[in-house]
Each structure stands twice: as C-alpha cells, then as structure tokens.
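Scrolling down, you'll hit the structures one after another.
Two complexes are shown next, each including subunit A; its partner changes from subunit B in the first to subunit C in the second.
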Partner chain A sequence: MIDNPKITDPEKEKRKIKCVKKMKEIMTSYYIDAKTAVQNNKKVAWITSGGPVEPLIAMDIIPVYPENHGAMIGAGKMGADLCSKAEDMGYSRDLCSYARADIAASPINGGPIGGLPKPDMLVCSNNICGTVVKWYEIQARYYNVPLFIFDTPFIHSEPSPEALKYVKRQMGEYITFLEEHSGRSLNHDRMKEAGILAIRAQNLWQEILDTAANRPAPMTAFDAFFHLALIVTLRGTSTVVDYYTELLAELKERISLGIGMVPEEKYRLLWDNLPVWYRTRWLSDKLSSHRASLVADTYTSAWCGTTHLYDENNILESMAVAYSSVYLNISIDRMYEIIRGMIFKYGINGMIMHSNRSCKPYSFGQYDLQKMIMKNLKIPVLIIEADMVDERAFSESQTETRIDAFMETLASG
Partner chain B sequence: MITAGIDIGSITTKAAILRDGEILGTRVGFTGYNAGSAGTAVYLGLMKELGLDESSVKAIVSTGYGRNSVKFATKAVTEITCHAAGAHLLSPGIKSIIDIGGQDSKAILLGPDGRVRDFAMNDKCAAGTGRFLEVMARALEIDLDEFGEASLKSDTPAVISSICTVFAESEVISLISRGDSRENIIAGIHESVASRVTALARRVNIADPVMMTGGVAKNIGLVTALEKKLNMKLIISEHAQVNGAIGAAQIAAGIVV
Partner chain C sequence: MSNLDAFYHALENPGRYIRQWKKETEKRAIGFFCSYAPEELIHAAGAQPVRIFGSGENMSRADSHIQAYCCSLVRGSLADALSGALDYLDGTVFPHTCDSIQRLSDIWRLNSPIKMHIDVILPVKLNTASSREYMNDVIKKFRRDLENKMGISISDEEIIKSSILYNRIRKALRELYKIKSMNPGAIRGRDLHTAVKAGMVMDRNVYADHLEEYIKELRSAMHGASSDRYKRVFLAGGICNIPDIYSSLEESGGAAVWDELCTGTRYFDGEIKITGDPVDAIAERYMERLICPVKYRSMNERSDSLVRQVREHDAGGVIFLILKYCDPHSFDYPDMKKRLDMEGIPSTLLELEDGRGIDGQIKTRIESFLEML
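Up next, the complex of A and B:
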C-alpha cells in the first residue's frame, strides 16, 4: 500500500534463520516414524498439546498431537474444507476448528500429510479447555481405543492442597493406564531422563524467546509459531535440546551482528492467542510494512511458563503440578500478571489480541484484559477477530483496516 | 495550497478538495464494482466542476476500504485517522466521533490536537452498520432515504435483535407477517443499530461533544435513537457524509514537503 512504502531489503536472505531447514527435516522424520509405527512394532498415543508426554517418551510410545496436525492443516489452508466436512457430519460450526478438522480428517485421511497414524490409545488433559475431553471421547469411540483423561482443576488464585493431591494421584493412574495398554512397564530412570530433557528443552525455549528482548529482535513471534512444533511434539527427547541449542546459538550470533527480523524495527508488539495459521505470512508482511516487530506472544511462551515448578528429584509429582498450572488453566488476574511481565521484559509498545472464534478459553476475558492493560499499563490494545484454522472466519479488509488504523494511532501518539 | 481527499467506502465514494483548510468542493458517487475507477471518476468529476487543473493539486490522500486502489494517491490513510482529522477541521472542539459506514461502524476518541486516542470498531457481523440498514430497507420494500422520517411516526418501536443481521432480518420478516406497522419496525431497527453503536461508544469512553459522521448521519430516526441511548447530543455537520474525504485532504496538506 502507498501508506507504507515497501522497504526493500537487499539482504533479505541474511534475515532468514538458517536452522529452519533442519527443523523441517526433524519434523518430517518425526511424522515418518509416527506413520510407520505399526511396521516397527511401536505404539502410538494421541495426546493433547498440554498433556503429560514424558511418560510416553520414557515408554517408547510415539506421541502424536492432533493440535499440531490442526496447525499444519491451517497453515496449509485446508482448514475451511475440513471444517465444513465436519459440519456436514453434524458438528456445530461453533466447535473448535482443531477438533472439527481432526474429526473430519480421520475417516478420509485428510490434511497435508494424508492423515495421522491410527492411535493405540488417547491421552487428554483438560488443562487447556473442556473441548478436548469431548473431542477425544469422539475419537476414542471412532478408533475404538482406550482414553485416559488427566483432569486438572482450574486455578483461580493458588491451587488448593486437595487439588494438588488430586493431580499428583492421577500420575500414578496414568502410568498404570499406559503400562496396561502398551504391555510395557515404566523404567523410572528413563522417566527421569525424559523429565530432565523436557525441563532443559523448556528452559532453552524460554531463552530462545527471550532473545527477542533485544533491539532489533533477532526473531519474531512468527518464528516462534514455527519453531514451537518441536517443544510441543518432541518434548522429553534430546532432539529438541540439540536443535534448540543450535537455534539459540544462531540467534545469539544475529544479536551480535545486529541482524533484526524486521527491517528498521520501530514498534514492538505483543500477540495474544493462537496464530491465524493461514495468514501468518500476510500478517507478518503487514506489520513489517509498519516497521512493527511482533516480538513476543502469550501462546508459544505457554510451553515454558511452568519450568520453575519441576523438581528433578520428584519428576512425576512435580510434573503433575506443572501441567495443572499452564496459561489457559489460570485466572485472568494471573494472565494479566504474565502479560504485564512480558510488556516490560520485551519493551512492548502495543498489543494485538486475536479474538479466536475457535478457542473460547483463550478468547474469553480478552476485553477485560484489554481494559486492564490499557488502563494500568497505558499500552494500546487492538482486538482482531479471526479463527486459527477456519479461513471462513477471517475478513482481510476488515482486519487490515483495524491494523492500519492501530498502527497510525501508535505512530501519532 | 490545494489538496484532495478521496474516500472509497463499500457503498459510496466521496471526494473533497481543500485550499489551506477551506473546503472548495465535495462530491459523492457510488462505488460499484471497481473501487479504483470510482475513485478516479468522482475525483475528476469534482475537479472539473471546480474548474481545477490536476497539476494544481499538491497532494492526494486516499482512505476508506478502497484506499489502496487509488494508484495516483500520495498516501493511503485509514478512515479512522481521516474522520478524526475531518471532524477536527470542521469543529476543533470535538472530542469523539461516531461513524456508521457501509461495512463498519466506529467510535473514535480524539485528543485535543485532533489525533486519535482510541477507537473501537464493530465485530465481523454487519449488525449496526449501514449494510444492516440496507438489508432491512430491502426486506421492508422502502427506500432507505425514507427510513428516518418513517421511524419518527412510530408509537411503539418493535424489539429487534441487535446480535446478528441474518437473525434480525428474519425477525423483521416475521414482524411484517404479524402485521406490525412499518414505522414501528423501522424504529425498532434504529434502536437495534443504536444499541450496537452505543456499546462501541462505551468501549472507548466517548466524551462530549460528539460528532456523528458518515452518510447515515442524515437518518434522523437513527440519530434520535442514538442520542437517546447515549444520552448525549450528536453534532451533525452538513459535511457529515464527506467528512472522511475532507479529513483525507487535510492530512494531505500536512504531508506536502
């Protein structure tokens, strides 16, 4: 657009993160392993993104994440089609688009990788939402496989001793479930090893995200959205630790060379909620044209917000507590505190909240948070409406006007 | 110095020419299918009417939904910023603006210098926008221009959902078949739009004096409903419909180097 003269960067290549190629290879081989699990006599468990995965890793069960698959479907612009197929099956359009896309993909092996491998068991934690419980029940019936539900009471202020006891107790039940359905027993040393690797990966992930506190930011939230797949899917393995170590080194090098992701970065923005997967490129270009760098987000940081709760000497129980304390399982007041911390840490000028039609637990309360942030922290907050996977819930011209107007206001202020 | 503003909305296209803050002329036309050519046509029509030569115009700012389709514009700026600049020029003391456009309604809070301090826009649904009124006029088979006067004759306004355009349309159809008077239905429609827009206004804490801009400001029935809901008087300039274009031309004056 004329308002935002395109800043052409002859060194565009220089701005690209080089590790990306390797990351793609890792994800490809992960999905090949998962899809050939039967041939290799391995079991597959589908698990929610905030589910306790470490015991699976320790027991050589391959974890598969329908939500990550949902993100791939969204990024591949296959969301609207699969969502409407789910609607044809009788599911409401109001249902989360990850759930709709997954349910519709199952019978037709739909999506960019020809469907997920059939699960041997399902593991669902309701620490992210209530939707996943029904979604996994549906899939448990469809595939006729056992389902374990890890129930995490919502944390309003502090978790009660009863709640802590309750979630810790479930870890034992979870292990019994896995042993029963995989025919293997848990090796506690391997469990500890997986736990320690998961903690290391999460700490590294935090360090990676923190590099964006530098000016200019060597990476943006768009890069975090992309690299998130590893901490989600391979948490607890050395693969993630190795890759993130390499990525961190590259980012540190960029900092020392002064390479920013957004040319002539001027404004630093914070993102709330899941990405609009089918429009990340568009949004990234749009913000760059305003010299705005999306330096942080509440979403990708959710995978490293609870590392302080882990205890290496009591992995199982401390893990239960950590999984109960994730971002979507806490009150608005606690979310506000986290956002406030990020605003200071990353030097934020403005915030964009994605009011996501799919994700109710994430979107509910955004207007209150907006008010709190604007009033207490004097940071302007824009709310845009979309959906992470279902393109039918996105209007480009409406979103563009809101973002342009927001940036004009920020620039004149 | 002469500058121009072109505001391409989803329904109408407006142009304004200013000389040092003084309005030389304005023009309105339909946008139609091709936003870019509508912008050119309305602009050139106005230039001709004023007997001005294109070379005399020092800068042009385009705004509105079609802002990026005016290839000869010096700069594109959103309608939020332009409405603020326009209102500030027309009436420097204005603190807030309510603008109901074809696709979007907005509430804007201004700083003392006429800059935008905060704004809120409708969510994705067309409820509470000009398009909503158009849909309703069609269902009622009455010209939109007659809406305002008609609703003033209502005795008991109908109750119509403010949540969704499609719901509201089917409600209107059932009211018609129930035999409710047109006047009461139209008054109900205005109240529905007014409550949507009032919610937006509350979100930015709008402050007096409030100006209403956009073509819908000509609708006396809606203005009355809004004033009642907001409990505030709305200032309506004779240039309400072309306020965005005027603001664009004013911003153009500021970018000439």
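Up next, the complex of A and C:
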C-alpha cells in the first residue's frame, strides 16, 4: 500500500482542537448504547435539553435528547426535507423545526442515525419553551408512552416563593413517576453522585467557555456549539467530566502557546440564539475572513448559568430551583443583565443576534434587547434572519451582505 | 337601546365605552389577555376587566418590537398599546399562556404607557396535586398583587359577589348557546358572537341584565322556526376576532351551532363553587374547565372533548380557526384532525389573521366545505 499523504496546511492544523476525535467517539458510543437499550434491558427516556436528567442517570435509564437529534439533522442538512414531511403531516411551517424534524423522523426512522431509539417514557420541562410540551404530547400519543411535565413557572422579575415550592414539590412527583415506569427505585447515594458530577461538568463547561476571554481566543462559539452535545446529553456522568477536563487542558495549553482559533483575531463578537446548524462552517469562515472571532454566545452558556444554585447536600430540591432559573425562562431585562456581563467578561466589540423563526421564546424580545445594548453599552448589534434547522428560511447572499456591512461599520467605528 | 344594540354599541368602540364608563363610575379599567385570566378577581377589586383584542389597525407599529413571524393577536395588541389606542386602561394582566404572550408581557412592560402590570404565572399542567396547590397559590398571589398595586384590599365578600355574578353570566351564555344549537335560525351567528364578546368589555352587572333579557326576548320570538335549513358546523380553535366568519357561514347555508372557542364555550364552561374558600373556588374552576392547548391535563383530552361535543350538538363538520403563527393550536391540529377523520367527521382548517378579515379565498373554502356536508 502506498501512503497517500494528504496535503495539509500546517497553519490550519495547528489551530484544530485535537480532542475533537475523542468527542466524536464518545457520542457514537452513546448513541450505540441508546439504540441497543432494548437488547440490554435498559429503559430509554426522551428528555428536553433543559430537563432534569440527573435522576435518569442515577437510575440507569438512558436519556435521549430529541433536540440534540434535531441539531444533528440540521448539521447534516436533512432539515428541509424532514420539515417538509412534517408539513405533509399537517404541521404548519411556522412551528419549531426541531419539533417538526423529530415528529417527521419518527415514523420513517429518518435523520442521520436512522431515527432515535423508541422511548419508554417522556420527560419534558417547559423551562425553555411551551413548544416542547406540545411536541412531547404528540410523541406521547405516537409512541403511547407516559409523559412527565416538569413545569417551571416563568420568571418575569424574581422567582416567587409559590413557584419555588411548586418546582420543589414536583421533584418528588418526578421520582415517583420514574420509579413507577422503570420498575426501580432511586438510590439516593447514586443520585447525589450524579448531582455532583453534573455540578462538576457545569463548572468545567464554564471554565472552557471562559478560556475564550483570552486574547486571542483559543476557541470560538462554533467550537462550543460542537462540544455542547456532551453537557446536554451526558451531564451527570463521569464521561463528561473526564472529557471536559482534557479539553480544558488543551485549551489552556493553546493559551500558553498563544494559539487563537481565528488567525490575527481583531474583533470579538457575541452570538445570541441557537446556531444556524447547516451553515456553521460557512459562518465561521465568513467571520474569520473579517478577522472576527465569535468568542461567546448566550446559548451554550445556558447549561452552566445556574450552577451556583445547586446544593450538594440537597441535590433534588436545589436542582429543581436551578432548572427553573435557566436563561430562556427569564424576562428580557434579566437576559440583558446576563448579556451585559458577557460583553464585559469577553471584551466584546459587536453582537450578532440570530432571529430564529423556529424559536419564538428566544427571538421575541431581541429587538428590545438590541436597542438596550446599543443605547446603554454602545455595542453595535446585527440581527440576521434564519432558522436553526430549516434551510429554506435562510438566504446566504442576504446574510453575507449584512455581515459584510456590519463588519465594515465595526472596522470604521 | 335594545339589548342587542347595547352589545354592538360596546364592541364597536370599546375605548369609547370604557372611557364613558370610567367617567360615570370613577373606577379603573384593567386589560387582560386570554380566558385564563382570573377576571373575577379584577372585578372583585372594583375594576372593570377588559379583554384585549387587537384592533388590527396600524399593525406595523409593532414591527420595531416584535418579529413578523408572530400571531396577529400579539402584534395587533402591541400596536394598539404603543399607539395609545389602549390609553383607557389603568393596568394590564398577563396570564401565562404561550411563548408569544410570555415575551409580549416583557415587551409591554418595558414599552407601553400602561404602567400597572401583573403577570399571573399559572401552571401549565392541571393534573397533579402539586399543580392544584400551585394554582391556588397563584390565584391568591394575584389577589395580593392586585391589592398592592391598586392600593386597596379585596374582601372575601366582594369575591363571592363577583363569583356569583360570573356564574350568572356564564349560565346565561350557556343558555344562549343552547338556543343556537337547538334552533340555529333563532339567532344570527354574528349576534351571538357579539353578545358573548360584549361581556368581555361591558360593565358586568349591566351586561348580565341585558343578556338575560335578550334571552327572554329570543325565547318569546321563537316559535315555529325550523332548524333544517342550516348545515350544522362546529368551530374549533382559540379566539375568534373575525365576526365576518359567522356571516360567511350563514350566507353559504351553514351555522355554527357550538364551538370550543375562548370567545365561546371555553369562556363560559364551568361554574365557581360558592361554598368554601372563595379564591380556591375560582382556582378550581380554572383547573377544571374546558382545556386549551397551552394547558395539559391528559394526552387525548382535547380530541375526546371535541368529538363528544360535535356529537352532542349533532354538527356535520368542524372548522378549525387558527391564527397564523399560533404555535399551540397549530401543534394540536394534525392529531385532532386525524381523530375526526377516524370518526368520520369532516373538517377543514382556516388560517386567519386579525385585521385581514375574510377574503375571497377563505369564503370559497367555507363554501366548498359546506357543500361537502
């Protein structure tokens, strides 16, 4: 055999994060486990990305995340096809494309991994949106499996004592639900262990994201979008902790060697909303060409924004409070405070907001946020129109023109 | 003014009605969204609860605050609030419903000239012990919020009086609907719709009297009118702010004999118990009454109840009225339609927008649907 040496650009090679390969292996083996759950006598629970997953881990129930599946569908550019299939089933094109893609994938085992494993139960928390409740109801009917809703009252100002009591009380109902439908009982030591691992994973994730505060940033939000899958999917296991420890070490090394992700980084940008999954590479190249590094985002940081609310000695109840306080479950004035903090922490010059047709709770309010940020913080904010999964709602040329113009104003300002 | 004229008069220009009412009574008016707003308590607080419907005018005023991919109820109401068209309101109450209303509350609080603002974060699920307790807690909190923000105190007696009044109104509305169902020719759909909606604007005591008299009038006029001429249709969906739909139906030989709308049965379904704690009794009605897609009680509840009601009122078909960009209703639609198909009940979907009215295309859809029945 003759080696076929690939021509590689050493400059580019140097900038690649080496851990990535391992991350792919972890995800592959996770999905194999999930898809062979039945053979191994394990139960599968579908759960929303902001759902309380730790009890599942502690009870050996395999958590599966349709939203992560949606992201894979988007990244695999299979979104438009599945979404249009959902429309044929009667679902309006104006609905969230994660939900549409997932609902359409179910009967045909569609998507990049041949469909998700069938659920034995569904766990849904509306701390991210009301859409997930409707989506999970539909899937509960389709698979004819029980549904648990972890109801997290929205926080317009402060969380009310009434709401706190309610979410804490639901944790007990949640455990009863899981015990009933898995035929096992929760071991409280294991629960505590999963809780502690989740806290450690979240702290590590925060440290990872914070490396981007360095100039040049050793990673960008695009890397965060990719590495996010672990904290979403396996939070509460040691796998995440081990991997993130390794990733953090690599990023720290890059800092000490002065390796930035974007060559000759000049501008530092903040991203709002979900990624445009089918155009991440394009967008990343586009911004790099302007010497702009997308150093932070409001999306991936949502998985470590409430870690301080966890209490190791009262895992279940403190978890309930933490889950109901996440980024999408708070008012736009509270969001503004978080964005303001990020702008200072990461040394931001400009912000890009993705007005995402799919995600109303994330996108509505952006116009007011934009005004507040521009007026109070004097940071320019660009809004681009797209959809995270459904490519049909995206115009490359229009977006390109707008980004170019925005970067020009940044350069001249 | 005849009873019916009073309803039309109030709805024709709610602002004029409320301004006049405020001058006469020197009381406050509080706007609210959604039939899950506990308006009984607003009334018990001595204020006039006014249901906010977008006027559909100057919608573009909302454009600098909210994206176009948002339902016309939210955009239209916001446009009205920003333009000052709602300046007769002294406050707004936002019950937690859908993602769009949730964010509208923020945008409203930050931008509208209406300063008093109360969010009522109701539970989303209505089928557990914890959610029942929370519902009670939240309605009690709403009472306290009203008391604090209005600088008043609301007595239990006032709450009971208000509940009795609302029971009276809801009972009368049920009667009115039964008349329509039994004898569709006895009342025009448009009049029925107006009679219901007027009750979301008018002084509730005055309204209750008008409503009961109106029913008496209808009863005495009702002899010999035959119901056979109409094709019996059921309306499914959320709120209807497009009265023309009723005329279009009737012009094509149909009649809406029953519905599950928030400007219909969902508004008057269920009675408040007059015994026990008066606030808990109000909470209980909201736990039990006809569900809407932003709340969850059980997996098939809406389909089951739809089929049951269609049968009960002998409707030949169902028209779904859904506002464009309305997530909760659009998510429910395909499975509900499938269920109707299984039961052999024909249905059609009309995607509507406030301020757009009934255009030729929708009219044709209605006509061809009725022909099928």
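Convention: the second predicted complex is superposed on the first by the 403 of 413 C-alpha atoms of A that agree within 3 Å, B and C clash if a C-alpha of one lies under 4 Å from a C-alpha of the other, contacts with A are read in each partner's own complex, and residues count from 1 in each chain.
The working rule: contacts are C-beta pairs under 8 Å (C-beta built on N, C-alpha and C of every residue); 3 or more make two chains touch, one makes a residue touch a chain.
All of these numbers come straight from a predicted model, not from anything done at the bench.
Of the two partner chains placed around the shared chain by superposition, subunit C is the only one that A:Gly90 touches, whereas subunit B remains out of contact. Of the two partner chains placed around the shared chain by superposition, neither subunit B nor subunit C is touched by A:Asn313.
Of the two partner chains, neither subunit B nor subunit C is touched by A:Asn40. The partner that reaches more residues of subunit A, of the two candidates subunit B and subunit C, is C. When the two structures are aligned on the shared chain, A:Ala405 is found in touch with subunit B, with no touch to subunit C. The intersection of subunit A residues touching subunit B with those touching subunit C, taken from the two complexes, comprises 355, 367. Listing the residues of subunit C that touch subunit A in their complex gives 64-67, 69-70, 96, 98-100, 102-107, 109-111, 119, 121, 123-125, 128-131, 133-134, 137-138, 141, 293-294, 296, 299-300, 324-325, 327-328, 330-335, 337-338, 351.
Interface residues of subunit B facing subunit A in the complex, by the touch rule stated above, are 62, 65, 67-68, 70, 73-81, 103-104, 115-119, 121, 123-124, 203.
Those residues of subunit A whose C-beta lies close enough to touch subunit B in the complex are 1-3, 355, 367, 374, 380, 385, 393, 395, 397-398, 401-402, 404-405, 408-409, 412-413. Those residues of subunit A that touch subunit C in the shared complex are 89-92, 94-96, 99, 126, 129-131, 133-135, 137-138, 140-141, 147, 149, 151, 153-154, 156, 160, 162-163, 165-166, 169-170, 173, 331-333, 355, 357, 360-361, 363-368.
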